[in-house]
Structures are given as structure tokens and as C-alpha cells.
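Both complexes shown next keep subunit A, but they swap its partner, so subunit B is in the first and subunit C is in the second.
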Partner chain A sequence: MGNLWNRKALDVLLENLKKDYDVYAPKRWRGDGCYSDTDTIRYGRIDSFDEIVWNAKSDYSFKEALLPISDTILYFTENATQIPDDKKPRLIFLRACEINALKRLDDIYLNNGPEDYYYKRIREKAKFVLIGCSQSFDSCFCVSMNTNRTENFDAYCHRTKEGDLYLEFSDSALASYTEGIQVPEAVQEIQYVTENEEVVPVPENLPADIAGSQVWKEYAGRCIGCGRCNFVCPTCTCFTMQDIFYKDNENAGERRRVWASCQVDGYTDMAGGISFRKDQGERMRFKVLHKVYNYKNRFGYHMCVGCGRCENVCPEYISYIECLHKLSKIGGNEND
Partner chain B sequence: MTNAYVPFLSQIKEIIRHTEIEYTFRMHYEGAVKPGQFFEVSVPKFGEAPISVSGIGEDYVDLTIRKVGKVTNEVFENQEGKSLFMRGPYGNGFQISDYEGKELVIVAGGTGVSPVKGVIDYFGNHPEKVKSMKVIAGFKSPKDILFKDDIKRWEKQMDLTVTVDAAEEPGYRVGLVTKYIPDLTFEQKENVAAIVVGPPIMMKFAVEELKKREICDEQIWISQERKMCCGLGKCGHCRMGDAYICLDGPVFRYTDGKKLVD
Partner chain C sequence: MHIDVNTKKLKKNAFRVSKHRGITASRVRVPGGACNADVLMKVAEIAKEYGNGQVHITTRQGFEIEGIALEDMGKVNEMLQPVIENLDINQEDPGTGYASSGTRNVSACIGNRVCPFGNYNTAAFAKRIEKAIFPNDLHFKVALTGCANDCIKARMHDFGIIGMTLPQYDPSRCVSCNACVKGCDSLSVNALKMENYKIVHNKEKCVGCGVCVTKCPTRAWTRSEQKYYRLTIMGRTGKRNPRLGEDFLVWADEDTIIKVILNTYKFVKQYINPNAPGGKEHIGYIIDRVGFHEFKKWALDGVDLLPETIVKENVYWSGIHYR
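And now, the complex of A and B:
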């Protein structure tokens, strides 16, 4: 059971939530798109429910609400180090595929080697509100990846035809922020996508020598190594450590971790001049096989959640979905 | 909750100068550590670099560092008594028990001698724990030879071959490490354990030579070097196929090591 929230009630709710949470949701950034006069939809802190974009897939995933593009992890002064203060807890609005992506982030940051201090401290306090999907968007293939549903959320919401927000709380702590606000009760189904236009065969039986396949060759010439596919992906987690010092006081500085891309030059460079995967085809192979092969060998399920953002963003129109089709011709498909 | 990214300060006890650009920094360290493991060494405001342990003592670890980048250039600005930031040790390292009682063969090239040096030292000091030990160490030229003082000791302790790729002056064995593998003598091939560490191309050909001698994959260990930003299985740079070199390696038995694709 949930409630129907009108704009006025939502304003009160948001004020209550903002006392303890920074609320993150997909927002429209006017004129910020890759091409002139285009917008971009990405995550940011909201001050009104009106800012949330409900009817489109965000260009960038929810991950930057947990893992900033550049995150200071240490401050230096002479020979002392200091850890940045804890951030305000976050309440994040996201879709089913992204809650599935969250599981992948958890497995890398909490279960692959020792727990990551910075991820854990923001993750532990974060709450998640599932946005129902009334429709499948361009290039979505969550159904193929089995990521169209989830039960791991603290609250659920979708926009009703009348323009209200249907909101249902499963976390009692979060529900307490609604106290005293009068909103009509309602019972509505959770909206999940059950069919996508894109039906993608998942290559489940790739041979061990798939890295040596000819499939990768075509990408050598086509990919320009911009790394956008990694940056929009909700499951890509790579970062590079970066030290800087302040111009006005060279004795003080900070260590940051900054998003990294396995498609961009320098990703494998070691001091002394050795590097690996110089060819873009090899980099495409490294990325794609991680999503649908190597990760599963390690964690038992596929990394890719089928959000299709890499497909949407590529400036060279390289289709990851087409690549999966080619791979499944080589590696069979459990749905066949 | 522990924060593995916070480094500790460690004092430089001693600096051993091997070549113009390669020094061993003997760093104060008390704690469990294995040969083949590595530390992230850092100079605040310049960055971190993964450096393998090249020697282990009761209250120190040796880190042999080549001056080739932003961080290591800065490390070389330090003298004895000064301190560096470190975190670690990371990685699996060499398991000494894998080699006990074996006819141990170690083939190492250049700075690849560092990660395996702890194994050489251990069995050099405990010769009764191996059936035999043969070490082939290769360097580019005489001026690139590392661990000269250790080499003098090793010559007395084991069957040691030091070779250089090329030498202008006489008095040096010349040839790649692979040249000496066909001449190795074994009492029992099944009891051989081989460790190969060095640049990727050297490891490839050294393993091929060993296999020609009917040493099989499970008798061979390699150690991989990759870019390791975090050492904690998070940053992703060191991944090869299913494996994270910083967590699952850097030491691999060749049965697994041969499957790793960059």
C-alpha cells in the first residue's frame, strides 16, 4: 500500500528529507549535452521534485551519486594525512536496472579484496527509491539481462497519469519522514518493464580463447578511445589515483581518485614505458568480455545490466548490442 | 572500519645504490610480509607507485626502486633518515613451502630479480630446505647489474649464472637468460620447481625453454607486473581476464598464469 502525493505534499516531504539527506535524482542540465543546444540528463542534488526527469533514461547512471567523478580521499599537510569528513547521507532515485548495478558496485567495492572505506561509508547510509518503468527506453535490454526487476529498495515511486506521485515505503525509517503529511492512500502495482524492443542473446558459452577471436578486429579502426561508454556505464568502477598540490601552498595537497576508462590511452601504462592493449580492438574486447564473461567467472552472474547507455552514447555508433549478437553466434546462447 | 588507503610513514634505514637509477631503500617495517608481495610507496602530492619487496628482515623490508617516473624521481630525492609513505603489503607473494625439497630453478631478468630475491635469500640461507638451487639472472649490460653484494654471497651458496645481454668490456657472461636453460641438469624432472620473473617477453621465452626441458605448467611459477593504483582490487587497472593481479597475483602458477590475457 502507498499514497498519492501532489506537488504541495511532495514539497513538504522533500523539506523533511533534506534535513537528513541530500536527495539525488536524474535532472536535466540545459545546454550541457555533447552537441550544441542539447541537454544532458544526469544525477544531481534536487531541491524540488519538479527537477526530476521521469520520462527519459538518464544519459549518465546513478553511480556518480555514490562515486563522484573526482573524489578526495586524503588531505596532506607536510607529513600528516587527514581523511575528508563524512558526507551527508544520500537518498537516491533510480531504476530497477540500476539497483541491479548497485549489487555489482557492492561486489567490487566491498567483496573484491578488502572493503573500500569511502564506498562503504557512503553506501551504508544511503537509501534508494526505485523509479518504476512504465516504458522501455531506446536500447534498453534489461529483460535479456534479467535486471528488469528488483526487491532491494527502501521506497518505490512512479508518476500517475493524473500527475501525482505514487509513493510506497518499505523502509520504516524513511517512512517516518511522511508523518503529519495528509495524502490519500492508494494501491498501485509496481511498474516493471517485461519486454524490451531489443532482445539480446546473452553469450553464455563463450570459448576460453574468445579473446583471440577475429570479432575484435573491426573495433581497432572504428573506436576512437574516448571512454564515454565507461563513464555512462552504471557498472564500470575503475579509477586512477591522482595527487595534486595547491598552487598557493605547495606543502599542502590532496590525493584523489578519479574515474578511469579502459578505452582511453594510459590506462595500463606503467612507469618505465611498458603498456598493454595498445590497440582499440583489444580494449573493446577487454571491456565487453568483462561485462559478459570475466566478471561472471569471478562473481557468478553477469556484470552488464542492459541499460544500453554505452549504445546510446558512442560517437562512432559502435553497437555493444550488435557485438553481443556476434559473440552469441560464437558462444551459443542459453535461450536458443 | 579500517581505511586501507591511509599510508603509514616509514623511515629509510639505509640506501643501497646498485646503478645510477636503481637503489634499494631499506624501509623500517615490522609485520608479516612475503617475497613477491608489494607495497604502494608514496610521496604526498606526487603520487603512489607499486614496489615489490626485494628483501625481508626483522624490522625492515627492502624496496628496490628504479627512477623512471614522477613518483620514483621524487623518492630518489630522499636520504637515509628521511621517511616515505607506504601501505601494504599487497598481493599473494611466493609461498616458500611450494619450493621446499625441490630442485629449484629461478630465472629472473632485470628488476624482475627484486620480487624473487626474497626466495633466493631464503633458500641461500637454508640450503638444506631445497634439493638444489640454480639461479639464472640476466641484466641488459654490466652497468645494469643489481644486487652485486648479494651476488657475491649467492655465488658461494648456489649454482648461480649471471648474464648480460651485451657487454663492451670482457669478463661477463653474455647472452639472454634463455640461453642457459638447455644446459640445466636435473636429477629428477618431476621434482623440479621453476620460478620465472621478468619482462613479459622474457617470461614467455623462458617458460618455452623450460617446457622444452619437459618441465610442465604446474611446476612453473611466474610473477606479473601491471599498473596497480590501489592494490586492493578496486581500481581495475591490473585486471587480466578474470584475475586481479593485486589480489590473485602477482605470483601465479603457470597452469593459471598462462590463461591470463591482457
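And now, the complex of A and C:
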């Protein structure tokens, strides 16, 4: 059971929510794209439901609403450190594949050795609103990855044909923000994608020597190592640490953690000037096998959620989907 | 057969006196070099019906329909009407062809309609200039290029318009990947460096090419909402003193550039050599004669510059002197 919300009612709801939450959703950033007069759809705080882009896949995933790209995690002076204050809780609008990605982030940051303090303190106060998918977008292959459905959300919404928002709450704390707002009741199905144009074979029986396969060689000459595929990915979780010593006082500074990319130079740099995987083909191998091989060996399910963003963003038209097709020929797949 | 044609009028009607007696060529101006297939079809039709089937693609992005008999000029002008309308050319008397030829076609590179480096829609701005300055018989050459690569060779024009963007940096989105630093160094002017894992932008050095924006994988670098232009002036080819145009305005806006060009028409009317052959004199030679500061006074008359626009105090041209 849900309700149909018109624009006016949504304004009141958002004002109520904003008292306690920073509300994040995919929105259009005009002129923000790589090329002149192009937009980007990415996450940001919204001040109106009108800002939310419902009918397109965001170029960058929800990840940055939970894991800041560049985050100061402590300040230090000569003999003391201080952790920045807690951030305001977040309410995040996202799609089914991304809620599935959230499970991967949780497993990496919370169920993989010691819990990550910074992730945990944002994560445990965050609430998630599932955006229904009335259509599959370009290069989506969530059905192949079995990530087209989810039950782990605090509320659900989709836009109706009439332009209202169908909204239902499964979390009672969130539902309390609707008190006193009169909106008609309705019952509508949750919108899930049940088939994608891209049917991607997931290689399930890769040989142990797949890392040495010839399949990686061609990427050496094609990939430019920009890291876009990692930065748009909802499941890439790597970060690096940066200690900054303030220019005016080198005895004080801050420690940041910043997104890292296994495709970008510097990722494998070690003390002593050693670095591994200098070749872009090897980096492609590392990334792809993490998504559909190594991660599963540890957690029992694939990391990739099939959102297709890496496919959409690559400036060199390197197709991750095509790579999975090639791998499945080597290692068989479940979808054949 | 006797032929009595006023060659002065013929030239101003965008036809040419050719080396073949009795034969002319029709010069079809395409502002910004952007036209659709209908224009091409019409040009082909004219070439087949009244020309010799041959069309020259001109350096200034027009078509020169070759091998037209002088007596067919009227019929060619009638056939050109849909082209003129399609291209939205200013025209007082429909059916009479192009109304002038002194001011040359405003040409442009393909710009941001297609090119990843282009910082603005070059054809749209070219058409805006077209609407402001045509028809006109004074000898002006204007070209627009999308970025500092200057593929259209804007610097060889009286007015060269080079697209710029003032890159905007959001350090909170920067992952220190160095793509912008490497891109600026290898493709542009090396105006970026990394300090404390974040980028320091040397605004003095920056040419506004936008390479950092295209290279940035996280949208830490984005374009300024304001579109900026570098206006270079008085480049030229020719017999006496060919030279590249020099910067006059940097970080200027569209309105400023249009006003400066219109003001320059007034300046030329005031100072052109009354005995110039065919009533045409390169603006650059007029400025050489009366001085840059006099030109500048006229050019900037009534212009509201953006606060960030740099106006060059003095401009010195070099080039090769043959006379």
C-alpha cells in the first residue's frame, strides 16, 4: 500500500525530511559534462523532487553519496588527532542494481575483516529509497547479473503516467515524516526490469590460468588508463590515503582518503619505487576478474551488478560486456 | 553575340569575372560552413542545369558553381533563392541572389556540434555575426574556431574568434589522478601542477582550451557557464605584408565581439583610402596607417566589457614585409 504524491505534497514531505536528512538523488548537472554543452547526471543534494532525473541512468553511481570522492578523515597536530564531526544522515534515491551494489559495499567495508569506521558511521544512519525501473537503459544487464530486484529498501517510488509520485514506505521511521500530509492511497506494483537488451554471459568456469590468457593483450594498446570505468562503478571501493601538511604550518595537517582506480598510474606503487601491473592489459584483467571471478571466490557471488556504466563512459569504446562475452567462450557461463 | 554586363554589379552579386570570355561562376556563401543536404542538392541542380557540372569547394566554406554563362545569371539567382532562404541569408530583394560580396563568408570550424575540443557552437555564432554584418561590401574577413587549436586558421583573418572556457575546479571531486596535468602539459600550455594532491591552476598561463575538462574522469574540472572568446585581429595573407593576427581581447563575450566588429565597419568607412581599388582595402592596412590606438578607440566605443576581459594595451604585428 502506498500513496500518490503531487508536487505540492512532495514539497512539504521534502521539507520535513530535510530537517533530519541530506536528501541525495540523481540530478542533471547542466554543462557539467566532459564536452562543451553536455550535461552529466550524477548524485547531489536535492531541494525539490523536480530535480530528480527519473527517465535516465545516472552517469555516476549513487556511491559518492555514501563514500565521498575526497574525504578528510582526521586532522592532526604535533601530538593530537581529531576526527571530523559526524555528517548529517543521508536519504538516498537509487535503483535496484545499486541497492544490490550497496550489499557489495557493505561486504567490502563491514564484513571483510575489521569494520570500516568511516563507512559505518555514514552507512548505519543512511536510508534508501528504491526508484522503480520502468525501462532498461542502454547497456544495462542487471537481469544477467541477477540484480534487477531487491527487497532491501526503506521506501519505494516511481513516477506515474499522470506525473504523480507513487511512494510507499517500508521503514516506519521514514514514514513518520509523512504525518499530517493528505495524499490519496493507492496500490501499484513495484517496477522491476525483467529483461535487458544486453544478455550477458557470466563466465562461471574460468580456468585457473585465465590471468595468463591472450584475451587481455589487446587492451594494452587500447586503454588510456583514465579510470572512468572505476569512478562510475557502484561497486569499486578502492581508495588511497593522502597526508596533507598545511603550507603555513607543516606540523599540522589532515589525512584524506580519496577514491583510487586500478586503471590509473600509481595504484600499485610501493615503497622503494616498485610498481606492479604497468601494462593496461594487466590492469584490465585485474579489474574484470575482480568483478566476475576473484570477488566471488571470497564472497560467493559476483561483484558486478550489470549497471553498464563502465560500458557507457569509456572514451575508447572498450566494452566490458564484449570482454565478458570473450571470457565466457573460454570459461562457459550460466546464461547460455 | 554581344555581351553588355556591368562587372562592378556582377561582382557584388556574388558572381565572378572568369578567365573564360562570357563565362562566370556563382559564389554561394555558407555561413559557418554548416548546411544541410537540401543546400547541396540545390547547388548540384544549378551546376547541372546552368553550370558545367563542376563545383569548387572554396577556402571560405562556400561553393563556387563553375561554367555559368553570363546571360544565365538571372536564372541562377532565382534558383539560389531556396538556398538563400535555407541558410537564412539577409536579403532585401528575393530572387536576386546574394546581395554583396565584399565582406567574406564568416567561416568556422565544426565546433562543439561534433568536435570534443570545441568550446562553443561555432556555426551558431557565425550565423549571429552573419545576421549582424550582411549584406556589406567592405572587405572584412571573420573566422571562428572552437578552441585554441585554431583549425580554421582564425589568426589569418581580420577577426579571429577563438573559443575559450574558464575551467572550474572542485577539489572535493579530485582524485589526484593527474590526467589534467598530463593533458595540459602534453596538449596545451602546462598551466597546471599538483600541490598537496590537489591542482594549482595558473590563470595567467591558461589559454582556456578546456583540455583539463575533457581529461577529468570525475567532473572535478568543468566548463564555466560563461562562454569566453579570444579575439585576434588583423591577420592577413597577401602581397605586401602577410602576418598572423594578434590578441586584442582575451576572455571576451559574444556581445562584445559583435559590437567590436560593427564598430570596425564605422572605423573603416571613416578611414578607408577613397582611392582603394574596387573600394576594398584590408582593415589591417588602414590600422597600419592611422594607428592601433585610433582603431581601439573606435572598436571599443560603447562596448560593455566583462570585468574579466583583458584588453591589450598595445598590439604589434610582425609578419613578412615585401614592400
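As a convention for this text, the second predicted complex is superposed on the first by the 334 of 336 C-alpha atoms of A that agree within 3 Å, B and C clash if a C-alpha of one lies under 4 Å from a C-alpha of the other, contacts with A are read in each partner's own complex, and residues count from 1 in each chain.
What we mean here is this: a residue touches a chain if its C-beta (ideal position, glycine included) is under 8 Å from a C-beta of that chain, and two chains touch if they have at least 3 such contacts.
The model shown is predicted, which means the values in this text are computed figures rather than measured ones.
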Practice problem: On the superposed three-chain arrangement, identify whether subunit B or subunit C touches more subunit A residues. | Solution: B
Quiz item: Which partner does A:258 contact after superposing on A: first (subunit B), second (subunit C), both, neither?
Solution: second
Quiz item: Given the touch rule stated above, what does A:31 touch, subunit B (first), subunit C (second), both, or neither?
Solution: second
Quiz item: Touching A:57, do we find subunit B (first), subunit C (second), both, or neither?
Solution: neither
Quiz item: Touch check for A:90: first (subunit B), second (subunit C), both, or neither?
Solution: neither
Exercise. Check the residue A:104 against both partner chains and state whether it touches subunit B (first), subunit C (second), both, or neither.
Key: neither
Practice problem: Would you check which partner chain A:270 touches, where first means subunit B only, second means subunit C only, and both and neither mean what they say? | Solution: first
Quiz item: What is the contact status of A:242 with respect to subunit B (first) and subunit C (second): first, second, both, or neither?
Solution: both
Self-check item: Common interface residues of subunit A - those touching subunit B in one complex and subunit C in the other
Solution: 240, 242, 244-245, 260
Quiz prompt | Touching residues on subunit C, where the partner in the complex is subunit A | solution = 112, 116, 118-121, 146, 163, 165, 171-179, 196-197, 210, 213-220, 222-223, 225
Quiz item: Where on subunit A does subunit B make contact in their complex?
Solution: 73-74, 76, 79, 81, 83, 108-109, 112-118, 120-121, 208, 211, 237-245, 250, 253, 255, 257, 260, 262, 267-274, 276-277, 282, 286, 289-290, 294, 297-298
Practice problem: Would you mind writing out the residues of subunit B in touch with subunit A in their complex? | Solution: 1-7, 9, 42, 44-49, 66, 68-72, 83, 85, 199-200, 225-227, 229-230, 232-237, 239, 241-242, 244, 246-247, 259, 261-262
Practice problem: Would you mind writing out the residues of subunit A in touch with subunit C in their complex? | Solution: 29, 31-32, 34-37, 40, 42, 60, 68-70, 226-228, 231, 240, 242, 244-245, 247, 256, 258-261, 264-266
